Every structure is written in structure tokens, then in C-alpha cells.
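So, here's a batch of structures to check.
Next, two complexes with subunit A in common: one pairs it with subunit B, the other with subunit C.
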Partner chain A sequence: MLNYLLRRILIAIPVLAGITLFNFLIINMAPGNPVEMFINPSMSQADIDLRKEQLGIDDPVFIQYFRWLGNMLQGDFGYSYSSYEPVAKVVGARIGPTLILMGSSLLLAYIIAVPIGILSARKQYSWLDYSATSFSFLGVSIPNFILGLGGIYLFALTWKLFPTGGMYTLGKEKTFGDLLHHLIMPALILATASAGSMVRYVRSSVLEVLGQDYLRTARAKGLSEFVVINKHALRNAMIPIITVVGLDVPLLFGGAVITEQVFGWPGMGQLMIQSIGSRDYPTLMAINLIAAVAVLAANLLTDIAYAAADPAIKYGKR
Partner chain B sequence: MEAVLEVRQVQVTFKTEKGEIAPVENVDFQLGKGETIAIVGESGSGKSVTTLSIMGLLGKAGRVSRGYISLHGRELTGLSAKELNRIRGNDISMIFQEPMSALNPVLTIGHQLSEQIRKHRGLGRKEARAEGEAMLRRVGIARAESIMREYPFALSGGMLQRVMIAMAMSCNPKVLIADEPTTALDVTIQAQILRLMKELKKEFGTSILLITHDMNVVAEMADRVIVMYGGEVVEEADVFQLFDHHRHPYTKGLLECIPQIGSGKGERLAAIPGSVPLPQHMPRGCRFQDRCAHVMDKCREQHPPLKDAGKGHKVRCWLTCEGKEGEENGGTP
Partner chain C sequence: MSDKTVLTDGENSRSSSSPAAPAELDGGWKQLARRFFRHRLAGAGLILFALLALMALFAPLIAPFDPYAIGRSYQPPSWTGGHLLGTDQSGRDVLSRLIYASRVSLSVGVGAVAIYVAIGTLVGAVAGYFGGWIDSLAMRATDVFMSFPYLMVILVMVSVLGPSLGNIILALGLLGWPSVARLIRGGVLSVKEKEYVKAGIALGYSTPRLLFLHILPNVLAPVLVNATFGIAVAIITEASLSFLGMGVQPPTASWGNMLIEAQSFSTLSGRPWLWVPPSCMIIIAVISINFMGDGLRDVMDPKGRR
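Here is the complex of A and B:
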């Protein structure tokens, strides 16, 4: 197992290098450059060129990339082009809020979806099953920003239950209760898409397991229906679900970008949109790198969880 | 003989989209202490549904709609799920056709074995494990200790069936229901499993209800045989009586289907043409009429009752019971 982990981590290194290279090229191919963002009419062409030289963006792209890579490997992510602060500090301040938002919405999605999926499977073709599958379909198909705007209109403007956005109330002490109050709406809305697809995965997975012979054996042993379902059926049904959880992480990242924007949540997604606007290359590169590491880590964790859940899977043995 | 399990006039119905169907009707027998009864018949004859109805495992759509099943005089039909769970796996246990899929793939053998012992015998975790291990040794598994820690995927079909038997016998049941226990196994393993079942039956005094379509298994194991066709019992007799003096044309057909070595080269294997009619298409009169070589007008009009032909030999046929007016022992729909 340790061998396997080491191998997986070593394989991840070239993958990450590839991802950063592609990102760097794509960012540089986008029209416009950071200097154009703070040009004013009084600047001469010489001033502009000097500025470009100072930022190092007059060099060929590959040289720029390797300079960035070299610095990054030494722990230096450079300075933000728009705020002139170290990127590590700018991005670092945003990781926490994004983790809070993503983590709580992932948790919410499963707390909602797993019981509904199980119930839906056990009462197949009942009105409960039909409404669960219909709502999950709605959850998957309505875009986050529509749900977000609708939510803000209803819960924030009309009923005044939740704030319209932000993470804490301005000018007040930062308390956990205040955070929770601000978190509920964006987390729920970010959770809908994951919850919607998760309901369907859990439902079909449980349905498949319910028809298995070993459940008949479990019942023939005189075990109660509660034990049959929650011990014998569920452990088997959860194995395919683990894969879905792993696949959910990249989707959630994408969803977080939009949700953070709609709710003014001070996370990485919001920072990313701002950085794209100002062509803030170093900040963008750092965010991309973090996203890539998170996705690769999620995949690795999925595989480890798989081995833990399914005794027939053992890594590191040939 | 003291009756352990009684199945009386049982009809099982299932709800389907096109109304109710009755895959089992007119099933009537009793299983004595230490006795082995084999139920034989083709696919669709209602053997498995009969056993599932005894176990209360018919599912939501099925129910025993007529008659009753009782264990030592205690009626099982109509018991609550909780009461039934105290009997299943304890007084009546069951082994199945496919040992590979009958065990839970994500739980260890030890877990699955001791879970049942803990539930019914009220033992602690440790004692139950020790008990389970002893049971594994009893069914001929030498490395019992390490097998306890294995998952089902690591064992062969024969081993898994031994585990299933160990599990089924672990609470010393009065009745063991074995639904085609050797069908999925290699021939050499089949003989071992059958021998094991015989040994355990003697040791524990268990009665066995054996479902099979293999007449060789019947000859090896059974004291008495029940032949089922189209959801009803068509013949019941002592095993020797059945092989030598069967009276129902269907039984005759089944016995002729056993291939014999040296019975003339190049001969076609015998078969009964056609198949069992579906429950929703049961004909009026005798259910075997369309496949019977001796069909008469009466067979097409009247449903034959199960008649006693003496010495516990019962048969449901107009041809062979004509003229003999014994007491009727089967329901007519």
C-alpha cells in the first residue's frame, strides 16, 4: 500500500507539470496583458515598455514559464500584478473561505442525498420515489447562478431570512453564528447539483444491491430488516458511490467559482474571476495549481477509499 | 413419525401488474423428525416458491393466500416479522444454489458466521467467533482460523457452500432447507457436500427439505420424494416406491430423463416435450394434460385430486387412480 501511494504521488508530478504548462500557455494566449490594465493616456510608449520589462512579460512565453516554475519550486509564487502583494498571501487568504464553502456543501449534499436515494430505492415506483427523482433532475439541470439569484430574491430580499452575500456582516464581530448565517444559502445552492446526481447514483446502486442473493441469505439468517439494509446492503451499495464523490470535487470547484461570484463569497473562485479580468498571471497560476493538486488528491483519496471499502481490491500486489 | 414441519393446502399468490397469479397451489406435505424429503420438478413447477413461503421470504408482492405452514404445531403463516426472525436461521435455516453470490462480498466469513450465532444464541462476540470456528472445522474446513478472516471472493464454490452449511447448522436448526445445494458445484465437490449434509443430519437430528431436479441426488439423499408440477404436488412416495412403482406420467417422464451409461449408443436423450405452463395460463383439468402421452377426455375437463394409493403413496392422476376411490387429500380449485 505504501509503495502504491508513493508511485501514485510520483506519477502526479509530471501530470502537475503538464497542467501548469498548459495553463500558462492558455493564459498567455488570451488577448490583452497586465500592463494594459493600468495604462493611462499620459503614459508614453517608453513607459509602457519599461513597465513590461519590469514585469518580465516582454520575454518569450517559454522563458517566462520556466522562470515561474523555477521560482515556484523554491516556494516563491511571485507578486500579484493588481494588488502588488505576494501571491501566496493573496491566495492563502482565500483558501479558507473556499474550503468552508465546498466542504459544507459536499457534506450537505450527501446528508440530503444518501437517505433520499436509499428511501427512493426501497420504495421504488412510489410517489416518494417519483418526486425524489424529479427533484433531483431539477437540481442537476437548473444552473447555480439562477438558483442563487432566485434564492437571493426570495430568502434575502422578500423574506429577509438570510443576507444577500458576503461571509460576515460588515462592521460586526466575526462570530461563528454570523458565518453560518451567511453560509447556509450559498452552501445549499452549491450542494443542489451534487445532491441531485447523488440521489440518482445512490438510488440505482441500492436498487442493484437489493436484488442480490446475499440479502436473501441475510434475511434467511433471521436478521432484522434494519440490519439487512444498513449493514448488508448499504456497505455494498456505497462502493460505486465513492467514485462519484471523487468525481464531484472538480465539478464542485467549477460550481464554487460561480456561486462565490453570485454571493460575493471571498473565496478563490471570486479571486479567480477578478484575476482573469486584470490578467493577473501569477495569481491565476497559483489558483490553477491549487485546483489541480486538489483534484489529483481527490482522485488518490477515492482510490484509497475504494480499497478500504471493497476487500477484493488490494493495491501494491502484483 | 413426529411431524416437524407441516405444509397444509398451501396456495401462494403474487401481485403482478396484470392481477394476482398463483405459482403454488395445492401443496400439502409433512416433514418428519430426521427425515429427508426431496422436492423435484422442472423450473417453474413451484419448488423454490414453496420453500421461500416456508421461510417467509416471498417479498412484498407474495403471500400465502390459503392453507397454513406450521413448525412443531406453531403456525408460521401470519407471524410478525420479529417473531419470524427468531425462527429463521434458528429453527429453520436455508442454504442456496449459488454459494458465490449467497455470501456478502464485503463482510468476512467470520463476521457473517458469528452474526447469526450471536443473534440466536445470545453469545458474546468472542464466544460466537469460537463457536463459528468450531462449526467451520465441523464442516471439514481445516484452516478454520484463517478462513474466518477471509472474504468470500478468496474461497472456492465448494468451500463457500461448506461455509453456508456451517452457518445454516450453527444454531442447530430443526429443519434445513436446501435449495439445489449442489447444482452450481463441480461433480466431485457435489458428492462431498451431499455426504457432509448426510453426516450432519445424523449428528444433529435435523430434518432436511431438499429441492433438486437431479434424480441422482434424490436417490442418494431422500427418504421420501414429492414431485411437483405446475405449482402443485402430483405425486408423493417413499423413495424406493417412487423409483420402482411411480404412478404419474410426469414422474415417469422425469425418471426416463436420467441418462444411463450403456443404454444403447447413438440413442437420443429422453426428454419431456414442451414446458410447464405459466401460472396465468393454467389449463382447466389436469395441469400436465398438454404434455401427457396418456391424456384422456376427463383430464381436460376435471382437475384430478391427490389420492392415496396406499402406504403413503399419493398421486394426482385420473389414469392411474381411476376406479380406486380413496379419501381425497388435495384441494380442487
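Here is the complex of A and C:
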């Protein structure tokens, strides 16, 4: 197991290097450079050159890449081109809200999808199964921002049940209840796509297990239906579901960008859209890097959880 | 000619008694087509999608107005005034813009998927056939690309390249290939050990001929399913990008950028004709494609149908 873990982490390193390189190259293809944004008519050429030197943008690309990589490894992400604050500080303030949004969405997706998936597998071809399948289909097919607009229209503007956006009510004390009130709609909407695909996974996974011989054996032994389903079937059916989390995290990040924009949620996604507008490359690179590291970490954790949950999987040798 | 290859190769692999690889078909394309059309939802999806395609193709003939012609702003829909779905902020006819926008969505969907299927097929086929360090390198590259938070990277790429229809297609095409590459690689790995491939080697066929004419046609089926769902994903992505202002730029109409106006609450609550129709079009397009994808998946893998 330890062996497997080490190997898995070692494999992640070149992947991470690839991600940083790709990220860096794309951003360096950008036309125009940030200095142009600082230029105003009162600046002399010397001022401009000084500024360029400070930012180090006249150096060859690969030198810039290694300098950036080296700094980053020491936790120095550079300075934001738009607010002149350290990127680590600017982005750091946004990680919390995004984690709250994504974490609660993932949790909601599980809470919604797992019971529905199980029920729909147990009552296969019932009206419940058909409606669950249709809802999961709609969840996957309707883009987040349309659900967001519809949600704001119905629940915020028409029925006034929830706020139209933001994380806390302006000018009021930041309480947990207030946060929850603001969180429910964006989290639910971000959860729909994940929940939709998860229902299908759970359903087919449970169906597969229900057809196995060992369940017939368990029933033949005289075990109650409750024990057969909950102890024998579900434990085995849930194992493949673990992998869905790993697949979902990259999608959640993308969904978070849109959901945060629609609901004015002050997270990394919203910062990203702002940074694109102001060509704030250091901030953009830091956001993409953090997201990529989070995806890699999620994949790693998924693999470990999978290995821990399924005694039949042995990772030591290969 | 290639059709014939597919059919005969299909027969060969069926008669060999080894357990069927997931990439293979039992039966030829004709039988698949028959099963596809018997699948009701897939049929409905195909009809809807065909209607959308016709709408995109004949947009200039169908649209009642010039989608760029400016008139009186915010006219509500009316049967008598001529503007069936009303007008937008600049007084342009919403219905005509809706019809023209289908061109954007369909070309993004089909264009992006065509690019990434081509890249993915090439990478996957070469990696699977040659193996060794080529394979390792290609698979590490797919790991890198699959670890990208997809939409975020596309946002950065499009903002760097400049937001336009062509660049969106390019960005989606350049990022989408890894899943196709993995499917193809897996298929090639199992098919290349078959007797008919060995026979081809013995007959002295060139490597490209073996790979592209004899192996690839037998591993393309799962890619068809992947590509169909990929069109839906590409359409959603374009709409999302345009909605964020990083996609197709006005005055060109796209269903996504028609929804930008709905970010203001006065439009959202007071002028539903501006945002309900484009939302519906996006949903209809995506659902029709997903129906087809679902049907194809059931058809390819009858065991998976429940």
C-alpha cells in the first residue's frame, strides 16, 4: 500500500510539471503585455523600461518559466498585475468561499443521488425509476447558468425566498445562518450536474450487484431482506461510486466558475473572470495551478479510498 | 470500400473464439443502425437534431428579419407586430437571432469534436500499436490534459487567443482528445493481437495500411458514443463561454451571448422573451444529442441496457 502510494505520488510529479508548463506557455502566447496597461502619457521611456525590468518580461520565455516555477515552490506566486498585492494573498482570500461552495455541492450531490440511485435500482422499471432517470438526464443536460438564471428568477425575484447572490447580506453581521441562506441556491444548482450523472452510476452499480449469486445465497440462508440489501449489496455497490468523486472535481471547478459568476459568489471562479478581464496573468496562473493541484489531489485520494474500501484490490505488485 | 473492410473484419473477429473485447462489435454497422432506429428516444433525438441542423442550414430563408437590423428596443412578442418573439436591447428581432445562433452552436459542436476525434484517434492508434515509450509518453500526456480543470483552461486559452468562434472550436478541439485517445488505444491494444492482424503482417502489409484500414475500423465504435456526447458538451461550453462574455462576440448571435442581457435583473424579471427562448434552444439541442448518445450506447453494448 505504502509502495503504491509512493509510486502514485511520483507519477503525479511529471503530470504537475506538464500542467505548469502548458499553463505558462498558453499565457505567454497572449498578445500585448501587462506593461501596456500601466502606461500613461506622463510616463517616460525610462519609467516603462524600469517597469518592464521589474516584471522581468523581457527575458526569454524558458527563463521566465523556471523563475516562476522556482518562486512558486517557495510559496511566492508573484504580484497581481491589477491590485499590486501578492497573488498568494489575493487568491488565498478566494479559496475558502470556493471550497465551501464546491464541498457543499459535492455533499448535496451524494445526499441526493445515492438514495435515489438505490431506490431506482431496487424498483427497476417502476414510475420512480423512470422519473429518477429522467431527472438525472435533465440534470446533465441543462447548463448551470440557465439553472442559475431560472433559480434567481423564481426563488429570488418572484418568490423572494433566497437572496439573488453574494455570500453574506451587506451591512449585516456575518452569521452562519446568513451564509447558509446564501449558499443553498448556488450549491444546489452546482450539484445538479454531478447528482445527475451520479444517479446513473449508483443505479447501474446497484443493479449489477443485485444480480450476483452471493445475494441469492444470502437470501437462501434466511437473512432478512434488510440485511441482504444494506449489508451485503450496498457495501459492494458503493465501491465504484468512490471513483466518481475523482472524475467530478474538474467538472465542479468549471461549474464553480459559472455559478460564482451568476450568483456573485466571491470565490476563485469569480476572481478568474475578473483576472481575465484585466489580463492579470500571475493571478490566472496561480488559480489554474491551484485547481490542477486540487484535481490531482482528488484523484490521489480517490485511488487511496478505493484501495481501502475494496479488499480485493492489491496495489503492491504490478 | 472501407465499409466492406469493416463488415468482413467484424465477421472474422466474431468467429475467433476469444472473449469479445469491449471495443468490438458483434455484428456490422447495418445491424447497429437497425437497433439504433428501434430505440425510441434516440429516434426522437435524431429527428430534433435534424430539424436543428435544417434550421441552421436554411437560416437566411427561415428567419423573418435580418438578425442585425436595428429597430425599436424591447418590443414584447406579438402576433401582429411581426416580431413573434419580440426585440432585444438594440431592437433586433429575437426569433431571427435565435435561428441564426443555431449555426454557431452546431458548428462549435461538430467542428470541435471533429478536431479532437482526429487528434485522439491518431495519438491513441500510434500509442496502442507501437507501445513502449511512445505509449508511456502519450498516456502521461493524457494524464496531464485530463487533470486540467477543463472550463478554466479553455477560458484562459480563449482569452489569450482572443474570443471568437474559430478560437473556441480550436481550444475545445485541442483539449478534448485524451478520452478518445484512451478509447482508441485500449481497442488497438486488444485488436492488434488478433489473427487477422498477424495475417496482415505475414502478408507484408505496410504498418499504416494495417493500422488505419484493418485495425482502426474495428475500434471506432465506442468513439462514436463519446463523440456524440462530446457535441453536447461542446455546445454547453460554447454557450457558457459566450454567457461569460468570453465566447462568440456580439453582434454575432449565439444562444449563450443572447443570455448575457439576462444578467440584469430588470431583464430577468421583466422581459422573459429575451432569455426563455435561447435557454430552451440550448436545452433542446443538448437533450436531443444526449438522447442520440444514449441510444448509440445501448446499441453498441446490448448487455449494458437495463
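Here is the rule we go by: the second predicted complex is superposed on the first by the 298 of 318 C-alpha atoms of A that agree within 3 Å, B and C clash if a C-alpha of one lies under 4 Å from a C-alpha of the other, contacts with A are read in each partner's own complex, and residues count from 1 in each chain.
Keep this in mind: a contact is a pair of C-beta atoms (placed from the backbone, for glycine too) under 8 Å apart; a residue touches a chain by one contact, two chains touch by 3 or more.
Everything quoted here is computed from the prediction, not taken from an experiment.
> Check the residue A:F22 against both partner chains and state whether it touches subunit B (first), subunit C (second), both, or neither.
In the superposition, A:F22 touches subunit C alone.
> Looking at subunit A, does subunit B or subunit C touch a larger number of its residues?
Higher number of touched subunit A residues: C.
> If we overlay the two complexes on their shared chain A, which of subunit B and subunit C does A:K221 touch? Say first, second, both or neither.
first
> Between subunit B and subunit C, whom does A:A309 touch in the aligned arrangement: first, second, both, or neither?
First partner only.
> With the two structures laid over each other on chain A, which partner does A:F253 touch: subunit B (first), subunit C (second), both, or neither?
A:F253 contacts subunit C only, not subunit B.
> First (subunit B), second (subunit C), both or neither: which does A:D213 touch?
First partner only, subunit B.
> Which partner does A:H232 contact after superposing on A: first (subunit B), second (subunit C), both, neither?
In the superposed model, A:H232 contacts subunit B only, not subunit C.
> Can you tell me which positions in subunit C touch subunit A when the two form their complex?
Its residues touching subunit A are 140-141, 143-144, 146-153, 155-157, 159-162, 232, 236, 239-240, 243-244, 246, 259, 262-263, 265, 268-269, 272, 275, 279, 282-283, 286-287, 290, 294, 304, 306.
> Over in the complex, which subunit B residues touch subunit A? Could you list them?
55, 57, 81-82, 84-90, 93-94, 96, 98, 101-108, 115-116, 119-120, 151, 153, 164, 167
> Spell out the residues on subunit A that touch subunit C in their complex, using ranges where they run on.
11, 14-15, 18-19, 22-23, 26-27, 29-31, 124, 137-138, 140-146, 149-150, 152-153, 157-158, 164, 204, 207, 250-251, 253-255, 257-258, 261-262, 269, 272-273, 276, 284, 287-288, 291-292, 294-296, 299
> Which bits of subunit A are touching subunit B when the two form their complex?
Against subunit B, subunit A makes touches at 212-214, 216-225, 231-232, 235-236, 239, 309-312.
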